[in-house]
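Next up: some structures, all given as structure tokens.
Each of the two complexes below includes chain A, the first together with chain B, the second together with chain C.
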Partner chain A sequence: MRSIDERRSSDGFQWVGRRVPRLDGPEKVTGRTKYMTDLHFANAAYGRVLRAAHPHAIIRRIEVSRARALPGVICVLTAADIPGLNGFGIIIQDQPVLAREKVRMTGDAVALVAAESEELAEQALALIEVDYEPLPAVTEPLQALAPGAPPVHEGGNLLQRTTLCRGDVARAFAEADAVVEGTFETPRQMHAFIETEGGWARLEPDGSLTIWCPAQAAYRDRLQVARILGWNPNRIRIISSPLGGGFGGKDELTVQHYLALLALHTGGRPVKLHYKREESVVAGIKRHPFRVEAWLGANRDGTITALQARIVVDKGAYASLGPAVLNLAVEHIAGPYKVEHVAVEGLLVYTNNGTNGAFRGFGVPQTCFALESLVEMAAERLGIDPLALRKQNVVRRGEVDGAGHRIESSVAVWECLDAVERSSLWEGRAEWVAAAPAGKLRGYGVACGVHGVGLGKGVPDFANAAVELTAEGRFRLLVAPQEIGQGNGTIYAQMAAEVLGCAPDEIEVVQGDTGQVPDGGTVTASRGTYAGGMATVNAAKKMATLLGQGAPPPLRAEGYFILPQAAGALPGIIGAPHHVCGYAAQAVLLEVDALTGETRVERVVSAIDCGRVINPTGLEGQSEGGVVMGVGFALCEDTLMEGGLHRTRNLTTYILPTTCETPAIETIAVESCEETGPFGAKGIGEVVMVPVVAAIPNAIARATGRVFRLPATPERVWAAMRKEAQQP
Partner chain B sequence: MISFTVNGRPAAVAVPDAKPLLDTLRDDLGLTGAKECCGKGECGSCTVLMDGEPVCACLVFTAQARGVEIITVEGIGGGPEQLDPIQAAFVAEGAAQCGYCTPGFIVAARALLDKNPHPTAAEIRRGLAGNLCRCTGYQKILQAVAKAAEGRAD
Partner chain C sequence: MLLSEMKVVAPGSLTEALRWLEEHQDRARPLAGATDAMVRVKEGQWRSPIWVEIRRLPELQRMDQADGWVTVGAAVTYGRLLRSELMAQTAPLLAAAARDVGSVQIQAMGTLGGNLGTASPAGDTIPPLFALEAEVGLCSRGGGERWVPVESFFLGPGRTVRRPDELITAVRFAPQAPGERWKWQKLGLRGAQAISMVSLALRLQPGFARVAFGAVGPTVLRARKCEAWLSQAEAFDLATVRSIAQMAWKEVAPISDVRASAAYRQQMACALLERGLREVLAV
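Presenting the complex of A and B:
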């Protein structure tokens, strides 16, 4: 197979498909890049947030007079000081900005302080008296659904039920040659962006408000803040790029609303908030833990015929994007397979376990672990090669997937599996396993997966961009999706340069500042390259037309892109189906210590159906980062909680993969021109971490015994090993 | 007053002895290359050199820097136009994504190569094990440091 670079040379593009070094590289490697949390303003005020003392309690009284009287304190704010709506949330606004009558998690904000220094703000927090009446904490989603369970919200603990039914599962299971089943549980993964939440706000002399804050959805944040202040959104400017990592964790409001409220009370002084890691752990969203009870049926000839699943999701205390996460999980539960009989019920359940929300993969890694474990178990039961079984069942263009959606866009998942099969990792797997040293058990595992691009059916999804030619003859590209690490600024410049016939570094790219860029939506949902890219290309084409007509600078051209929606529908599932999806197949070699159950991922091959590659280095960066995030999810990461309290408080006990754990990763680009995307590209920022979370447990199963709960810690692997050894 | 040198220049600050060196560098000296991520010595994003030794600046009291020579990422290479070979390799390999961890890696890698100019792949892994990165999966970072060690300028 030709490498990504070899294939490039024949395309006839000057910039698209090339390894253009990141335009922001030199600034970043010299430490010159100013993140929002690096900014410093003179005459600053320092903010702090008072968090709830209990995971579930009634607030009887809040007394702030002693805190207000402390010299150096500028303001102390409670729910009574909120001019507009005391609620936020991307889908439903069930999360109070400042708790008034009740707290539902220890991350709940109860009061805000601004003071002359961080130390004084901290002292003031200690002087705020809150009288609580503790309630029993709801910590087990299944118990939360039981009659008589204490309600986290007035409407009860079931936030949403999503179902998908096609065919006749009962008959299909009765007729299947093999039925496998299992209950699969996944961790409360932490985003662990290296930059914790923070930023600045300032009330400007003209009465407008400026917020500097790393964020994935500046325009939507502006709307949420405006609701809270009771303002017109046009009075608010949010500067949100670059981010020191996000992965979904900066998709919901983090500090913007607190900064805004404080800035209204500091007399025009700029106010700062920057969470310590401990506060980030308690207050920030996490990945929803899933419990997936599932059955898979297949025939002797290898056809997967039936899938049934019951998904119970630990929502934590507030909705945020949970409803959409559950819907995507249900849409993709059958993966890229043509299963004809499917019955799924998904339940989204409130608890007092902090709160969960968007996280790269958006519910799909959780269900992929269940599905791809079952596929592997079925292959074993039927005596069919696991890779061949997958190839036999994956969907091709024009076919109907497991959700009942006919695929009318690019799909190359079969080709991804084929690329894995022909990789040196796969070809040498048996030899590698046989060469295990004494005391080690070795296995290989494979899995494939799918992830929608964009917000999906029925959800408005569009992007705008503008290209300017300044009087000095410089191009400026104004585009909304933030630089979150993936290098989209460079990608956009490559695309615009291709259209305009200049070099990428001759274009100044401005991102994520609502005062400058047109609304282009979020940097989420694997949509940055696809949606922001199409808007960029359309704006650049208009600029090229203007230039062709000999128009003199300064010039401005605007372009937009409305994401195409799937023709079919999945009734009752908002956001499903997705017209365009990214696909991937990944395989791993893994070694287990037979004494301790410790694991090591030795090598990974990651084949990605990405449409056309715009920048091979960027694609590899996503692939490698996604794989290692998947390794963490599968093997070591979990935010532990007990009784609604965080036992994991910092990175000291939250174990992230390091340079020592990272495997050798080979990325293979499987290019399948997506005709609706920029130069044929589509989004892959999430699918890159999906199959690996199942390939790893599949490799563990082959080496020793199967784990049904992630992360597969040494204790759990050891237990699986013992169980396997005791089997007759 | 606490006096020391930073990136070859004398500095004197009037801060409490126990103020973390990281905060002094960032708030009082405007050197925001070093970042705080955990404040607990777990992530290495605050790494600076003290008399050539890499330390987590979040764990060092400013008073401990008295008379010491400190190098931060801003003092490595000659700025964006004149990169240190490690920085150039990071750019060429795509080893910086969001870049928030990058200053810590650059400083740690510089210290590693100053002590051991030709490390093995395993030595590079071990040498950088105190630095966390959530974006890259580390492979390109390891490749960049290996490349810089080999003196490859491409």
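Presenting the complex of A and C:
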């Protein structure tokens, strides 16, 4: 990225675009950072959650008297103890806080215990008697849709159907020179953050409630907790930053509601709840497994003309953000391509397979795998270079994408593909493949992708931030999006410093505390830099104005930003289209062992259309982290379930990539200028993991045989290799 | 049994440790690096009332060569094995396997005796010990010392001939011959920190072959048909190597689990043997 650094030195910015070291770096690498679950309070009570014994069952009776009688137990709570709504969920509240009549997954909470020690709390759990009447578990989405399938919820198993239709696919397929098809299946990826769900809560002497809990949406969590407690939300303070990882897995409520309920029954004693990994696996959301059956049509000249797809999503037991995940998947299923004829049907299906929700990429990696596999297959069928075919079909500003949306914002996906094409990886690919050692098969693969920034059309999306100048003459920046590992606090300080004319490390950045920061929305949807950054810039500008007027400290200025919405509309798809999108193109070199199917990604080039780079080191961090997460999705990660029960119980059998699986990653910043963003920046936190999940299977296909199901474990690649060998 | 009710004792000598085991029999369990024990206890298993910590016992730390035997104490860690000059000279096969166990942290804590005591068919040091035809030293207060061939030591997954009053004290074997060809191979779901789906320990000398597979049977298995053919082959071309490797298919009895199917494991026994033979024989 030297070119980026060089260009920076001549563009007149003092801080924006510089490799400003992480403000929180020293305390993180020395282990001094206190995450919420690292805190400790004296006189603590310890909470535990009783989980359902069956994936699907009627609760006939819950008896807690023996647990309550155990010495050392402070309280045992059931659904009867919930003062407000016994339900939660960001979109619809179909998930009980504590199950009363029915359980729909083994992760369902049935009762809560607080005790003098964690061990006592665990003992008390064993004394709670729940009388279940087991029901057949619904575990296959396609079977869940069949008539007569046991309903997970009263309304049946189809939670949502989203469709997108443009042009005339039947005619387009009939006229296409090449039609390729496949059914693509994706894993139940686990967020696997290092800090499992947990935190503290305390009922304060003034009757208010404080919750310390790593989370991606503190203000929304506060509203959800208030609805459950039947409380004025202003009596609840949530401190949510920094997080020991989130990736979408702390977007929905995790333990805030349990902490709140327990804290109401511990007589003012602080209460702690912290999931063990095994509990996190069972109770936490996962990435929705997709089954995408799709057809792609293209002409001899390389024009992609038609795309048809049927997406069936394993929703798991509760909605959470699933409806929005499906909608984004449908919006982006045609990727950044100008496909004129598109017909997509997406079905979101309840099952008893735990529950799924937000996860970096939000439905897009799943459909990208299908689309980009088909694009590669079409290129092969037509005898066209796969990268040239992509460059020919990608959308440019002012053009209409596959969803039928005219792009009126920055787009540099062609330039990303071009940057990949000029990279040393791509230029040397044939030579590298030809130099495969004995017993190894080598391949290269490429893919590109798009991901919306912000919540999209029809979903109110705003950001506020505040800048204060204290009486002592120190700047404080108060901003909602949490520090989740990505380093947004540092780039907010860079932006504010650029406006205020101070140094970034002269600014104290406060994040994610509803007691201090204005409601600036979530750290999700690739919006942290873009939305949080604009609110920061606007607040800093107001502060600069106050200072220019000679106002004396203490001073406070608030900045607001309402995310621009797309001019066009995609009727029936809430949240689509997105006005601003991040784009990326990624290519990989990999090697497959011809005997075992073991696959090793050796090199990756990741070209990212990120608008203007605020901090090149931060961009590289996101790019590299995203690539490794994509490697995991493509090659090894899956939470295996059978009959509604988890076969993968912890990180012994959940196979995350380690440094051994981490390829050499070259990040290329393809700078466009997003006029609506801070200093021209836009969000790329998710798109960085999208194309790579398809580039890897494309490279495997080139090396040996094509895989249609991810992760491409050694066994699956071996099977694909054998199938390929048996073909004439 | 609650965690807080369990008692850990740390005897200062082997005699004292054996006394604890003799007095408490099934109620006491030896604790070495705790890399398996911690996991099992967390899962609610192995809730032994008394744990006898043996990791620091001086009698279990030896690593020496005398009278034709290389002897390794039961409390020697994987880390010591893989860094040992003696192992590099006398049992590089065992050192290579130790290098593939878990992570650096596990290698610093886990012990050779613990790997034997846990008796997992996927224990990484066990196939090399089979290929070395090692003997396992067991000691008790009443019965003194006895040496059991490693192939007779395991009864099944998690089960060994060790009596509750006995402690695994050491392992001994004849050193690998200078210039002998050997190979350790491990197939896991990733490059490190992975439990073996299949593993292979291979030794070759003119007229001599030892082949042992891990994770493809109730215990580690010797592939005696492969050994016989390898020791009798006059020349190794690719066709010979492949046909011998294919025999492994009939010498293993894997099961399907969360990591891999039985069919894949069975094929991979052949694949690892083929890959290993081709590497050591350069065919």
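Everything below uses one rule, namely that the second predicted complex is superposed on the first by the 726 of 728 C-alpha atoms of A that agree within 3 Å, B and C clash if a C-alpha of one lies under 4 Å from a C-alpha of the other, contacts with A are read in each partner's own complex, and residues count from 1 in each chain.
What we mean here is this: contacts are C-beta pairs under 8 Å (C-beta built on N, C-alpha and C of every residue); 3 or more make two chains touch, one makes a residue touch a chain.
Everything numeric here is computed off the predicted structure, so don't read it as measured data.
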item	value
Touching partner for A:Asp38 - first (chain B), second (chain C), both, neither	first
Chain B versus chain C as contact partner of A:Glu624, first or second or both or neither	first
Partner chain(s) touched by A:Gly244 [first = chain B, second = chain C, both, neither]	first
Contacts of A:Gly25 with chain B and chain C, given as first, second, both or neither	first
Which superposed partner A:Trp718 touches (first chain B, second chain C, both, neither)	second
Partner chain(s) touched by A:Thr596 [first = chain B, second = chain C, both, neither]	second
Chain B and chain C footprints on chain A, overlapping residues	276, 652, 656-660
Residues of chain C that touch chain A when the two form their complex	2-4, 39, 42, 187, 189-195, 197, 258-261, 264, 267-268, 271-272, 274-275, 278
In the complex with chain C, residue positions of chain A that touch it	119, 123, 276, 438-439, 593, 595-596, 598, 600, 636, 640, 647-648, 652-653, 655-661, 713-715, 718
Contact footprint of chain A on chain B as seen in their complex	26-27, 30-40, 42-43, 45, 72-74, 76-77, 79-81, 83, 87, 90-94, 96-103, 106, 124-126, 128-142
Complex contact set, residues of chain A against chain B	19, 21-22, 24-35, 38, 40, 191-196, 242-245, 247, 276-277, 483-487, 617-618, 620-621, 624-629, 650-652, 656-660, 662, 664-665
